[in-house]
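The two complexes that follow have chain A in common; it is paired with chain B in the first and with chain C in the second.
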Partner chain A sequence: MAKWGMVIDLEKCTGCQACTIACGMENSRLPGEHWQDVIFFNEGQYPSVQMKWFPRPCQHCENPSCVAVCPVRATYKTEEGFVLVDWERCIGCKYCMIACPYGVRFYTEEKPSYGGPDVKQVFKSNDAHSWNPPWKMPDSREDWNHGVGVQPHDVVSKCTFCYHRVSKAPKGTADLDPGNPAQREFTPACVVTCSPGARFFGDLSNPRSRVSKLIADKEGVRLLDQLGNKPQVYYLTGSGGAVPSSHANVKA
Partner chain B sequence: MFPISEPKHFAEIIPYLANLWREEGTMRFIGTVLNLGHGRSAAGLWWKLCLATGLASGGYALYMLVTLGHASFNTSSDGVNWGMPIATYVFFALTSSGLSMIASIPMVFGFEQFNPIAKRCIWLAIITLIAGFAVLALELGHPFRMLWAMPTGLQVRSPMFWMGVFYSIDLVLLLIKFYLLWQQDWDSPFSHFIGAASFVAVILASGMLGLVFGSVVMRPMWFGSFTSIYYMLTAALCGAAAIVVTTYMAYHFDRDRMPEPLRSMAGSHELPMVFATLIGIALVMILTRFWTGLWSNLDGFEGFHQLARDPLFHLEVWVGLALPFVMMISPSMQRREGAQLTAAFLVLAAMFYNRYEFIISGQFVPMFKGSWVNSLVPYTPSLTEWSLTVFGFSIALGLYALGEKLFHLSATPSGEPAVEQTAEAAA
Partner chain C sequence: MSDSILNPNVTRRRFLQATGAAGALGAAGLGLDLGGGLSTLTKAHAQPAGAAGGETVITKSFCHQCPARCGIDVYTTNGRVHAIYGTLDNPLTQGKLCPKGHYGVYLLYDPDRFKSPMKRTNPKKGRDEDPKFVPISWDEALGIVAGRLNALREKNESHRFAIITGRGWGASDVGILGDFGKLYGTPNFNLGHSSICSDASETVKHIMDGHHAYSAYDYPNTNYLLVFGAGFLESFRPFTGNMVAWGQMRTKSPKTRVTVVDVHVNTTGTAADRLLLIKPGTDGALALAMGHVILTEGLWDRAFAGDFTDPALKFEAGKEIDPNTFNEKWVSGLAEWWNVVLKDCTPEWAEKITTIDAADIRTVAMDFGSTKPAVALFERGASAHTNGVYNGMAIHALNALTGNMFAKGGLRGYQMKTAWAKPDVKAEEFMDDYAKAPERKKPRLDGAKTEKWPLAKNMIQEIAINQLKGDPYKMDTILFYMTGPIFSAPDCKKWEEALRQVYVIDTSAYPGETSVFADLILPDHHYLERLQVADTYPFQGYPISMIRTPAVKPLYDTKVFGDTIIEIGKRIKGPTGEYYKRLGNTENLIRMLCKGFEEKPGDNGVKDFESFKAKGVWYRKPYAFLQKDGEFYEWDGKGYDKHLTPEEVKQKVMPTATGKFEVKVTELEHYAEYVAKRLGIAPERAPFPQWIEPRHPGGGDLHFVSPKLAGQAEGRSANLPHVSAIIQPTQGGKRNVFLEIHPETAKKRGIGDGDRVRIKNDVGQIEAIARHFNGIRPDTVALPMIHGHWAQGRWAKGRSPTASTNEVTANVSEPISGLAVFHSGKVFVEKI
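Showing the complex of A and B:
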């Protein structure tokens, strides 16, 4: 059984946010509901201040705190390593949002996080969906039990590692390489779109996969590892870099 | 006086109401029910006031939830996820737990001088828990789904699951316990068993509510075993303050109108000392938590600095808790009716704000939002959130008035009815 994971090379990431846009288009996200976000933060003080950036999808943790706290098992972890939300079970208590240290979960019913019109009102839904976006995947691919598609009202949503794509990959696949036409349609949208090629996706349980080799050779590290969630997203920091050790940017 | 006061069985109520309706006609019958009887009474006035307030606030909240949904709250995925309705729920749930604990003083631990407040405590524990559940249900996205998803999911690792289990058990035991007291069964082995089981359930329930916050290591202002202990002990304080206020309220804020065992208790040395002890414990816990947070550099503790700049926090600590503490340990003030009432009102207001600031400040530091949001996120409750809080208080106070009319809440094991005394007779 594969254990899917992601490696992000921070030396290659340019902070262009194409991954954020691709994720939003692929998964029909609201403006501001960035399942895949690029966090910008400051370090140091004037005159030696630095602006830094940090791509942050759901970490699909090995030991996810969001799964442990969910009182109804709406959030669960699959054998392949995906952390998903069953929108048919979610009661909208938001405990998972409280317990996620990475801030990757979103509640549907909120005021728009950006100024301007509420797109949920502009593109109103006439059925159980919370809104009816002008761009969306075919209804046949929608899968509420795995948190895929346009969500219903009053539930929590999050990055699925593009479950609807990755779960269709042939068994035994070690890596999903967007450069390989045969694998492209199974690869997460953010990995496909990353123009500097900073993202890698593959089977962490396979020692011959490229992601496993990158983690071993380039000393991949995990975000807030001290909390014990054990993310399945690894970062390559290069010789002088590091992942933020705090909640990124409390103190400039 | 409402003629069905202290009915022996629920079954008596329906035929009585049906007869009354036939005798009085629809309009007069509605008037009598809205007035809780024929004559004017304080309980009837409270009941009407709370019905009006509850209908207005609940109606507005429902209208907003139907038209705008939970987008009418000022909570946000990028900032404060749990807002004022959760704080209101926690306030009511813990007040209910505290009232159960106070009722256990005579019923489980045998301090019989507290018997005159036991039945009122249990009634209040039931209705405050109902008020809390009502507010929580309107805060949740899918409250009815919870009824089947929790038992079928059985997520035993979730503190919220256990909180639900223990508060449900608590409510059932409270209802049984109240029924037994209603039937004047104070001393049977079954009654003692229910009393002890209820005490255990309420300790577990309030502890689990604390664990909901205390288990999340990524929210350092909440994390730790402290939170559960803090919730249990401050619950007792809220219960004590609530019973002082409501007992006086039942006798028109006049101790001379109280029946003898209650009047002696209210004028005794024990009640203020229990109250002072609980305030003192809460003060020590709040200040040590604040002190530790203020002097630590851990990422996420910045909320304590924000609290230090919050005038309402200082009002809570110094006016809402320290001042009542002084009043209740002062030999010259502790037995005075005015001092007891002032202290209880101040403590209740302070503890409501305490629940609010505890929950909101724990979320001040956003999780990995970078410069997309402020370093400390702002939050002000929306009108819908306020209306839910008002709705909760309307339910609690309205049902309290109903209980005062229907039951003899000052009853004791001796069975003597706690007859309200007039000021003249007492004199």
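Showing the complex of A and C:
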């Protein structure tokens, strides 16, 4: 059984946000509902100022706080390591959003933050979907039990590690390399599009996988490791990376 | 505002606001089952049954969100385009995309698209006048255009029809306009936008090394990258390719070191090893001082640039050398340049101009000069100034001094041609007496290549003024293609006046400020609906061409631009109409062009139209020439084995007057009087890269720059809510873009963080929201040029700033290239 995980090399990340946009396109996300966000912040005084950025998908924790608090078992952890939301069960209580220390969850009925008409009204749905974007993913891929597709009203959604792609990968796959035509279609959207190649996806339980080697060789770290959530997303900080500090300045 | 950096979205207020309704629902849902345990819960939602099956088809196309033209795979299922990814075997994309590459899906289904040809019924034109467009048939629309064009020809006034173009590419697109101009009889057949784009960089290359082109830089093999005023990781083309190269440069051994010169902290400067925050418009002084250090420290490349006859001789600050004691090799005029200009350009001299510490200048110069191979590049940050070409010359000269021209890991080369076949139908054979008559030779409307702008390729920004003055004549009809000067040209409000006077045809697929002044709309296909071919710039050195195959049938009653021109042509009386009937349509033309691949197949096996469509790209490696240790070689099919004589180098590699890289520029010697007059320098100094004080039009007290963001696409990203939502804190916050202002600068003006401000100068005024940012020079403010649209669609309007940055940008141009000086202006900023 694979234990899927992601490695993000902060030294190579250029802060372009193609991951955010590719994820939104692949997963039919609402504007601003950034399952894969990049958080910008800055520190220091002119002319010694640092601008920093931090790519942040769902951490798919080994010990997910969100699963523990869900009153209806809508949020769950699979054997292969995905943390998913079953939209057929979710009641939108948002406890998981508060419990998650990483801020990766979104509630469908949030007031639009992007200005202008509400896209849910412009692309209205005639059925139980919360909206009907003309570019939405093929119907056959939609899978509400795994939080994949255009979501219903009143649910919480989050990054699925592109469950609809990754779960189709052949058993025993060590790494999903988007440069390999045989693996490309199983690789998460953000990893496929990342131009500088800052993202890697593979089996953390396989010590011979590239992700395992990268974590070992380049001293991969996990975000807020002291909390004990044990994320399955690792960051390589190299000489150029940034993990947010408590005195960083952020404005949204 | 949340105090959590990771979770700025979950604020107490937002949480409570949204939980009210759902909380009640949740409690109700839970209430039913609390006794029986959670496992018996009924479904809160049931997934509706969707369309079953549906094969996903991948069509090959290329992107239209910037000039790079990356190859894309378009995913279509059940007639719906739902994804775009980079094409894996396209040398430009390498399977990757920048954020903009994915926007195509949103633009295709943009509900604000024009849905059919339309004509204006409100004769009054103005910003607030509803054009009252009514749908008409293509036949009627094309008939209207042909009627006007035939009438002009009958009056001997065909020159009063102009086509103004933006991002058009390839032989089946803007490439057909040359023949149209020739046959119909107008010099204004393709008035391009390059002078509001980046003409200065092409001009610099043209006059120094003989190539009017962008350059191929060998990033994966370079060890030092020096970037002047180019958003290498934000906007510099090819953005995807740059980022792919970035990943390679920053992980190879040795790691490529990067220094960036800019006026504010951005992602490019941050990702680099060193960022120098320079006074706007002074990049040339910095580059000159670096050249000075490279020579005085003996770091120049002797095999490429030449050497003293006596090893004891050297370059010493302030001292002339005897030109007879220096043997120049491939750099022409080096001794004279030193004596006239460079000997006095010390780091201490440059510090006073650029505000960058002399010690830092010396360090970067030593690093650059002693690291091989290396690349120095520049874009508009350095060149969109009144002294922009001279700034660019000083920077480009660094590549020659250090022997990195045409070298592995250096500036690798220039445009090579794709093996297109010539069309079977020849326009020359269809020219009638009218078309051949000497009175067809009229000056262009934009004044380019006339005595006003003798060296400029295009001068789109002059068109509105010329129209208003009737100089050289008044226009009757103007057709716009992929350009919206009412937003994107400097002092853009002038265009509103000018376009009241002419019959305006817009071919955009979307509404925009320019179409508000249109009399006729001939809407184009979206690029995913098109069949089209294009070549790209010489990014990889070798030639690359792409094809677009329609991913879906056109959603609306639109027509691809090339076919619109052909259809107009068919309706022109006489042999012109015959020519276009023979040509048929763009697909015929593309099929003819692809016959050239039979003889010269691409490296990926593309040999005809069908294999081209299947692969999406044709390319043939490698670049034909290489310079190594001061000698030039040509590729002979196996290696760079054919040694080139100086005469061959002149013909094939550096086609300048001297056949060398010129730091004493022959072209500027020729135009010395013009340059002297326009820039206020002595004519005898004109040929040399030198420091010229920039002029800062506008009359304010703060420098004003309008950079392009990583997420900002060509033209229409302002109407995409997915794009507004990703614009980041220092630049914008989901809805608007902000004016970056240094906190001290703001405080002096009583401007708080987030206050509304007025940006004003002699040209006009706009309003924006101020954002305190420590990373911008205190003498400069920056406002990204994306929002401020008032007619682009439902999501574009109502955002801050209130109007285009071009409403406070003076229409002043660099005199040699004609480039509009977008980053040279000054403004006042005050709290509202």
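Annotations
Following the convention adopted for this analysis, the second predicted complex is superposed on the first by the 237 of 252 C-alpha atoms of A that agree within 3 Å, B and C clash if a C-alpha of one lies under 4 Å from a C-alpha of the other, contacts with A are read in each partner's own complex, and residues count from 1 in each chain.
Quick note on the criterion: contacts are C-beta pairs under 8 Å (C-beta built on N, C-alpha and C of every residue); 3 or more make two chains touch, one makes a residue touch a chain.
Remember, it's a predicted structure, so these values are computed and weren't measured experimentally.
When both complexes are overlaid on chain A, the residue A:Leu227 reaches chain B alone and has no touch with chain C.
Contact with chain C, but none with chain B, is seen for A:Ile21 once the two complexes are overlaid on the shared chain. In the superposition on chain A, A:Val155 contacts both chain B and chain C. Counted by residues of chain A touched, the larger count belongs to C, out of chain B and chain C.
Contacts of A:Val69 after superposition: chain B is touched, whereas chain C is not reached. Contacts of A:Ile39 after superposition on the shared chain: both chain B and chain C are touched.
After overlaying the two complexes on the shared chain, residue contacts for A:Glu110 are found with chain B and with chain C alike.
In the superposition on chain A, contact is made by A:Arg184 with chain C only, not with chain B.
Looking at the shared chain after the overlay, A:Ala99 reaches chain B, while chain C stays out of its contact range.
When both complexes are aligned on chain A by C-alpha atoms, chain A residues 32, 39-42, 53, 56, 71-74, 89-94, 97-98, 100-103, 106-107, 109-111, 113, 153-155, 248, 250-252 touch chain B in the first and chain C in the second. On chain A, the positions that touch chain C within their shared complex are 11-12, 14-18, 20-22, 24-26, 28, 31-32, 34, 38-42, 44-47, 49-53, 56, 71-74, 87-94, 97-98, 100-103, 106-107, 109-117, 119, 122-123, 127-129, 133-140, 142-145, 149, 152-155, 178-179, 181, 184, 192-198, 223, 240, 244, 248, 250-252. Residues 69-71, 73-78, 81-82, 140-143, 145-146, 149-150, 153-155, 157-161, 164, 212, 215-219, 299-300, 302, 363, 365-372, 375-376 of chain B touch chain A in their complex. On chain A, the positions that touch chain B within their shared complex are 32-33, 37, 39-42, 53-54, 56, 65, 68-74, 89-95, 97-111, 113, 118, 120, 153-155, 224, 227-228, 246-252. Across the complex, chain C meets chain A through its residues 1-2, 4-10, 14-15, 17-19, 21-23, 25-26, 29-30, 38-39, 41, 43-48, 50-54, 56, 77-78, 80-86, 88, 94-103, 105-106, 108-109, 111, 233-234, 239-240, 243-244, 246-247, 250-251, 265-267, 269-271, 277, 710-711, 720-722, 724-726, 728-730, 733-736, 742, 771, 773-778, 794-799.
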